[in-house]
Structures are given as C-alpha cells and as structure tokens.
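Handing you a structure now.
The letters A, B, C and D name the chains in turn, as written, and every chain counts its residues from 1.
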C-alpha cells in the first residue's frame, strides 16, 4: 500500500449551482476523514480561492445536508481568475494555507478556469462536473441534470392538466444553454408533441402543420430549449408570423430547474464523484475530471473536457421516432 | 321532510380551470346519487351548454379522480353565450333534455354569464367559485387558490436554493390577474423581502434602496403579481431605469399554477361546495353562489358575487408588518 | 397608544413537532423586532426552560427557514416539568434571565403544562396550538394539520396507483392519536371507500360486506385512524376473523406525516399565530391560546383549551354521505 | 432493409406493478405504429393471456399517460400459468388472435414464466424488466427502481425533520424483497447512520454501540431492507433485547414505493426498453430480455435473467466507506 502524501484538500463549487453539490461535499468529507485528510471549504468559487475565504468542513455536519439543493459553499463567477494575476494570487493563497490538493465542482466555465490554472499550478487538481446542462465531455451525466429534468417534467405534467382542460397549445421552454439534453429528456418523457433543440435546424412549417392538424380534443405540447436562437418566445413569434390565428400559450420553466432537493440519482452521483475525487488524489492523479461513462467511473484530462459535447446516437434516433 | 322536486341536474366547468374541480364533480355526483337525482355533465362550459355536448356522470367513475388537476368536463370561453341568442339556445337545450337544475363551476366571467342567464332562465342555478385567483366576493377561498399558492411556493423555495448559492436578487412573478392574493400568500410564507400587488401603489425607490442595502450574504426575493401594470418584467425595468448596475434575475411561475394534483384543502372545498350545491337545489335555492365565509357555508346572489373583491384587513396588516 | 411593557420575550416548542413551527418563530421574531422586543429561543421545550438552554433569535436568520419542517428550537417531553419543583425552577430561570413574557408552541400536553405553570407563574404566557392532530379546543385548525393531511394524501394517491393496477383492498392507517380529523380529511379527499375514526363505533360486518361487493375492477381503499382501539392491524384482524379469504394489504403512513416542508396554509397559520401572540402580549393578554375560529383570530383560556375536542357537524354529515 | 415479418404484437404487464410501465407501453405503441404493426394490450398479465382479455392500444391514447404510475393494463399473479395446461391455453389464445410476437413487462416471477413458456411457444417473446427491486440479471437498472428510491428518500427526508427535532433514533424499512438495492441507494443518499441489507450479515452489537455513542444533538437514522430475516421490527427487537433502554421509532415506507408518477429516469427507461423491444422483434430476436448495461441496450436470454442478482462492487465499497 502506497503512502498517502495528501494531507490537506480544499474544495470549492463554481459557476451555476446544481442540485447534488452538497452530497458531493459530504462524500468528499467522508472520504477525507477516512484517510485522515484535513478538508477546507472555499467559499464562492474562484473568488474565495483568491481571497482565502475558507471554512472548515466535517462529514458530521454535511451528513444531513445531502438533501439540500444549492451549495453551502456558495458559488460565484470570477473575473479576476480570468487574469493570470488572479490565478497567481490563488496559487499563493493555497500554498500559504498548506493545501496540497484541490477539488473543483462546476461546469464548462469552471473547467476552462482549471485548464488555465493547471499551467501554473503544481498542486494536483481534480474536477467534478456539476451543472444541470449535461454538456460536459467525459461524463454521460453531470451532477444536477437529473434533478433539473425531474423539476421540468413535474412542471410540464402540471401544464398538461390545464392544457388538456382547454385543448390548448403550449410552448414550454426548458434550460440547457447550448445543449438540448434537458429538452430531449423532458420532452420525450412527458409525451411532448414536438421537441426543439439547438443542435438541430427547426422546421417551423412542419411544426405549424402539426399544430393545425392536432386532434382538437387534446393538448399540444412543444418542449423547446432556451438559447440565443431558440426559446419559447422566438418559436411563438415564428409560428405567429406564418399564421396569426393559432392560439399559443408560453411558459418558461426558468430558474426553478437549478434548485430543489436533488434526486436520488444526483445525490448518488455526488457521492460517487466525491469519493472518487479524493481517491484519485491519493492515487496521484491530477488535472483530470471524474465522470461517469457507461455507468462506471472515468477520468478525462481538462483539455478534453471542454470540447464540444454531442447528443448521443440512441437519443437522436428516439427523437426522430417520436416526431410525429 | 320536503319532497325533492329536482330529478335531473346538469353541471359544467367554465373559464380557467382550477385544481379541485374534479373533486367538486365527485361530490355533486355522490350527493345526486344519494338523492336519486340523475346527473349530466356538460362539456366545455357554455359552449357545451349551447350545443348539448353532454355526458353521463356517475360517482363511481369520479371517485378516483379527486386527485386529478384540471377538469374532466373540459372548459372553454364562449363568445356565443355573451349574446342573448346564445343564452336562449342554451335554455332551449336544457329544456329539451329535461334538465331541471344547473350547477356552474367557474370564476368571475362565469358568474357574469350566470347573472345574464338568470334574466331568461327559469331553471334554478347554483354557482361554485372555481378559480385560482381568489378574487370572488362571497367566499373567503375559491376552489384552486390553495393549490396555486402551494405550487407557487414550492417553486419559490427551489429558487431560494439557487438564489442563496449566488446571493442573487430574484423577481418572481405569480398569477392572480387583478388580485394580489396569490402574491401576498406566497410572498409572506416564503419569507420574501418584498411583495408587490396591484391593490397597492408601488414605491420603486424604496424597493431599490432595500435591494442595495440587503445583506450581500443572502438572497433577496421579490414576489410580484402579474397584471397589466405590474409583473416581473415591468418591475425589473423600473429598477434598472433607476440603477442599471443592479443585477436582477426574473422568473415567472406561469401556467403551472393552474395545474397539478389539488391540495387537501382544495379537494375538501370541492367536496363541501359540491354537496352544498346539490342540497341548495333540493332546498329550492336559486341564482346564488355557494361559498365559504368564516369557514362556514354561505350563499351569495350572483349580483353580489361579481362586485370588486378586497384584500382582508388582517392580511393587509401582515403585509405592512413584513415589509422591512 | 399604550406603552409596551414587554421588553424580552422567550419562546419554545414542545411536545411532538409539527410543520409550520419555524414559520411561527419567524413571525414572532419579526413582530418582536418591529416592537423593539428582545427575543430568546428556548431549546427542547420545558427541559430547556428549566435548564436555561437559550439561544438568541433574529428575524433575519429565520426568514429563510419558513419552508423547513420540524423546529429549529428542537422539542422534547419533560418529566421534570410535571413536578412542581421543575416548574419552580423554570420560573426562576425566566426571572434570572429578565424574561418578561413567554410564548409556547405545542399540543395537548404542552397546554396541560401551561395550565399547571400558570398557578405559580406571574409572567404572561401565550400559547400557540402546534400539533398535526387538530385536537385542540379553541381553534378550527392547529399548526401542522394541513401539512400532515397533504403528506397523507400524497402517499395514499400513490397507493391508489398500485391498488388499481392489482384491484386490491388496502387498509391505510393515518395519524391523529385520539382524533379522527386526519382520517376524515384524508379519507374524504382521496375518495376512500370507507373511513374509520375513533369517535365512531365501527361496523366491521358492514365493512366486510362492502369489501366483498366492491367492483372487482377497482381498488378498495379504507382509511383508518391510529389509536389504542383502532389502527390498520386491528381492522385487518377483525376482517380476517370474519372471513379469512379476503386479501388485504396494510400500510401505515407513519412518522412522515410529522415532517416535510409545511404547506402554504400551515406557514400562513404560523405567521398569523406568531404575530398575534406577540401583539397579545403587548396588549397585556395572558394565559390564553391564540387560535383561528371561523377564519379569525380567537383567544381561549388554557383551561378551556384542554377540554375534549369534537368533530364538527358539517364533517360528520359529509362522513355519513360518503359512506356507501 | 429486411422485410418486417411482424404484423401484430401483444403486450402485457405482470407481477408487481412498477412506475414507468405506462411509458414503456407508450413507446411500444409508437414504435409499432411507425412500423405499421398492430398492437394489442393484454389485461392482468398471464391471466388475460390465457383468457384472451384484450384491448386495442394506440400511441395517441398512451401519449399523455407517461406520467401515470401503475399500469393501465393492470397486472395479476397467475396460478394457472404455472401449469403446462395454462401455458398451452395461452399459446392457443395467441394463435387464435393472429398474434405473431409478444412483449412481457415484469419481474423475477414473470421471467420464470417466460422461460417455461418458451419451451412450447414458437412465437417470439421479448421481456422488459419491470420491478422496483432492481434484482434482475442482465440490466443495471430495472423499470421502477429509480422512482421507488426517490419515493423512499422523500419520505426519509421528512422523517429526518422530526427525528432531528427530537434527536431521535429511527429504524426505517424500505422495500426490495431479497435485494438490498433500494436500501443501499436510499440509505447512502439520505446520509443514513447505518444501512442493513439482506446480502450482508448484520452486526447488531456494533449497531447498538453506534446508537449509544451518537451525538445526542442529532438524529440517528437506520435504513433497513424488508426481508424474511430482516425488516424494521426485527432490527428493533434485536436492539431492545440487548438494551431495553434504547428508545427507537419504527417506520415502514411501505407500498407507496410502488406508486406515484414515475421519475424522468424511469419514464426514459420505459421509452428505451419499449422501442428496443419492438425493434428486437423486427430483427428476429426472441426469448431475450432487453436491459441497460453500462448505459447501453443489452439483450440477455431468459435463462440468464433469473440467476441470482448481485450488488455491484463500487456500491459495496461505498457501503463500507460510509459505515462509521
């Protein structure tokens, strides 16, 4: 058995918060405790890393917080860390506090920061993919995605009640930034009549035809991703331009998708990721993200993580099949 | 014991649907069955009343639907019923089908229709207040209000998770049309920092000051009613005009407030209203709405029902107290 | 305007916890703050009162906890307070800490304690009815009842899914100690086929006949109160003794009814009760419980509070009507 | 492209119902429709298969039922199908109705039936693993498991509220028959203090020590599987035998774990399984179960499916780590 050289780990959450982050913190604390490693929590992401805004973390306190959404470490976006000077200051802060390993939980932007940091940082860093968008390479699921989808579908199920009572057409917008994952998952599982995602070109003429032909005794539900060139407002405008008689209702599920108690899956992902991150550090891994690929732990270098994420093939085929 | 002259009741739901309508239908069916009264369901509100779009309703089928949101009778808005001719046609349809009493479940617009109908209709009519807006005179609570408020607060609780993780300011819009009831209730019980309702003038300068002074380690949550001269977008615009540096997030809870399984309170209200409506008809009441005033059944003539609804005094005082 | 002689209030929660207690604490803190009254929290009910286990409470901290079930002050049962010596010690502790008014939140047992305490205590005390059982005289609803009923019906709705898939008979036990309120409310609103409460004699022969005659294509759901002479096990045994061929499934909803985020109604009740308790003290009221009667605030002396609570007449009649 | 020889598929659900079965039916109907295959629904599992209790299924009707728990086809256990004569009758019924392929959704017992049926049945059969227990070989997740775990943890989260308010010890029993999967998943993600499963020997002395040493300011939560030699009652009895002073509360989550709206994951599993089952039949597969292994579709012969299922290694290690 190798001697563990890691004596003091620091952890932070960064970027948009996502459900399951607190479960990951609990698991990190538990794994650290078992390996006699001191654990420091960094508040507000890179900002707290630069400023040394630290708190002590113990498994015992975190145990009852697995059910809680958000992140008790808080999170923030940091302009200073985008500059080399900020990153140098962060490294200095880590060294002054005798921290010999770092765990970062966040999304796309967080990993860009980690990649830049790795150029100057000689302390090992492990990343955990925490974002509701499921748009990170190197993992089949990100921490928070399942919770966001479940929040979305619970809301869409409610919309169906009122939509069916009125035989109405609803355009429902879900989150995901540039990624259609939340839209595909939530759209398929609520039995949506159409699903629009940023990864595909939209055929608004076909959509209008579907709407005009839908059984007037039923609801018609369109699930659409947010996005610069998509979103419920834009879709409604396009349809209205073609046919101003069509009655549409618009609902944006909105920020509620980021909050709420995490689902079992996200809590379990948080636990798996958290334990794996600590064990990876003990095994001298560095500058990799822990992910879940084919339901097994998998490590990916930061430079691979930030590449363009794709919708997997089985999902794409399901999307074609369920298009009427 | 008086002889029951009512042999055949018809019931419809009209206007916006609201959670609890199916429970009311179950109770009407049960009370009708006990009194050997035939019950006919009219589909799509006044539209089905005019056209004779009828189905048979039995307690046995409805029993398991108390938990279901929306209305199995469907609902619609009817232009034709706004015309005398439409109402005459409706009366003719009722007579041709040997219907000797009518129960209507709906909101403000529905009761305006009933008042107009009562001028020509010699068949007794009882109304049940079904709307999430709680804006009907003659009842402390409308059917669906409690469910809408609970849906709103579950969503705002989730927003608090993410708002606190980022120390953000959120402007959250809830429904209620011209009534601030949903905003007051949901705002007070989620611990909102400010609550804006159409019944009061807004002091945007004070609101901006509160936002600027809020403890930066916390979330700041504003709950605001929808409305022609209110709503989250407008509030955000006003604040931004005064100070463009303030960062705001906007969320509209939206149509989900109309759907979802009704709460216990709304199902119970539906049951109480439904049974009372049938019993009122048996007792020869007519052209009144059954409501709940001071937690007791209460009947109000249609012309009183449509008057301007007010926020009660205790609530107003609470609103003042909880304004920081 | 009268001068407020109250400068320092202490508050505790006692007996079984119930959802909404934290909202009441928030409201008490807010009302105290507005009136420049210091607020002290007593931990673990009468135990903390005797031992001086105190914490400082501020509205600001409590604001975000309205959504949280349980009580942040914790609660406990106290044998020592049942003795005169314990109560004397409690009074001494209050005086030593310059506390000049007391608010107690709890159920039946708590009010028995308050009544005994009032014999020696010259400090004004106001009670708030906090129990899921809804068995307190002087209030139409206790704090936590609505949440418990909603938790019960969400679970029974789920049981209906599986019961209907198998056409099964389920005996579902809900809480309420000696009171049938939770059973009546939850039974009526889930469309139960039979409801058994401790306030009525049970006719097991009739129940068996109903079960034998139920439509075999449906579920059959019995909702039964817990109780020394009731409960799901006992009902099942009685039925089985008469006819061992009947297949029954038993489910006890159990302690989950005490927990979970409070509903809007319970949070609002907590807010109304909390504000009213502080204002009552300022108005020199003492040794009364604040309740809600006919949807209005109402004060009842402790000796009335602990009398035998009754099921109201409208509910009793509904129970008869919905018995098949 | 191969010619599709399948013209008429029949589908049934069997054994215990599980959330997600309706989503699977929707997907089967959609895939059948796309391939111009007629779809017949068989009611009540093997019973309806023997008796020809059939209904027509169309994607259009099923689309809005993805959110619904239970199974609209109903389910039952069948003694007759355990006899060769019953199975012969079933085959005859299939042939008389010109059914040329069969899809079965169910658990362990269902697959034993399918294996026996395959000895005489020359019609191709595909199985889908539908059970909350996650105890089927050939799939990482069964349909319904994720929903059951989420229902369990929502309830345990509520119990934590009351447990923490009282600093109590709770023994919470979850389902799973002989499999500890639900207990491991739900126990880990709620931050349980101990998790007892049938796959491991129990060390009650160690458990008692943990209980005696737990921080008295906290809750202590034990999650335990049901089972012939396990379950909350038995665990409580063992502890009490060793030390009768320990105060314990017992809660069985019970049948609610079988019901309720399926989670996103289970609905998606249902969709993936349903589409894959139809496509497998078109590709001439037979007598295999479709599962999900390493997040990819996977087919396993019936004789492999019914072998003893194991807890995977990563989970076992987590269980060791999170034992205090």
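Quick note on the criterion: a contact is a pair of C-beta atoms (placed from the backbone, for glycine too) under 8 Å apart; a residue touches a chain by one contact, two chains touch by 3 or more.
Since this is a predicted model, take the numbers as computed values, not measurements.
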Distance-maximising chain from chain B - centres being C-alpha averages: D
Distance from chain D to chain C - Cα centre to Cα centre, in angstrom: 36
Centre-of-Cα separation between chain C and chain B, whole angstrom: 28
Mean-CA-position distance for chain C and chain A (Å): 40
Junction residues of chain D - those touching two or more other chains: 157, 160, 164
Inter-chain touch pairs (all): A-B, A-D, B-C, C-D
Complex contacts: residues of chain A adjacent to chain D: 23, 26, 30-31, 34, 60, 62-67, 140, 146, 149-150, 153-154, 157, 160, 164, 185-186, 188-191, 193, 215, 218-219, 261, 263-265, 267-268, 271-272, 275, 294-297, 314, 318, 321-322
Chain C to chain D touching residues, read off their complex: 13, 16-17, 19, 68-71, 74-76, 151, 155, 157-167, 170, 249, 251-252, 254-256, 258-260
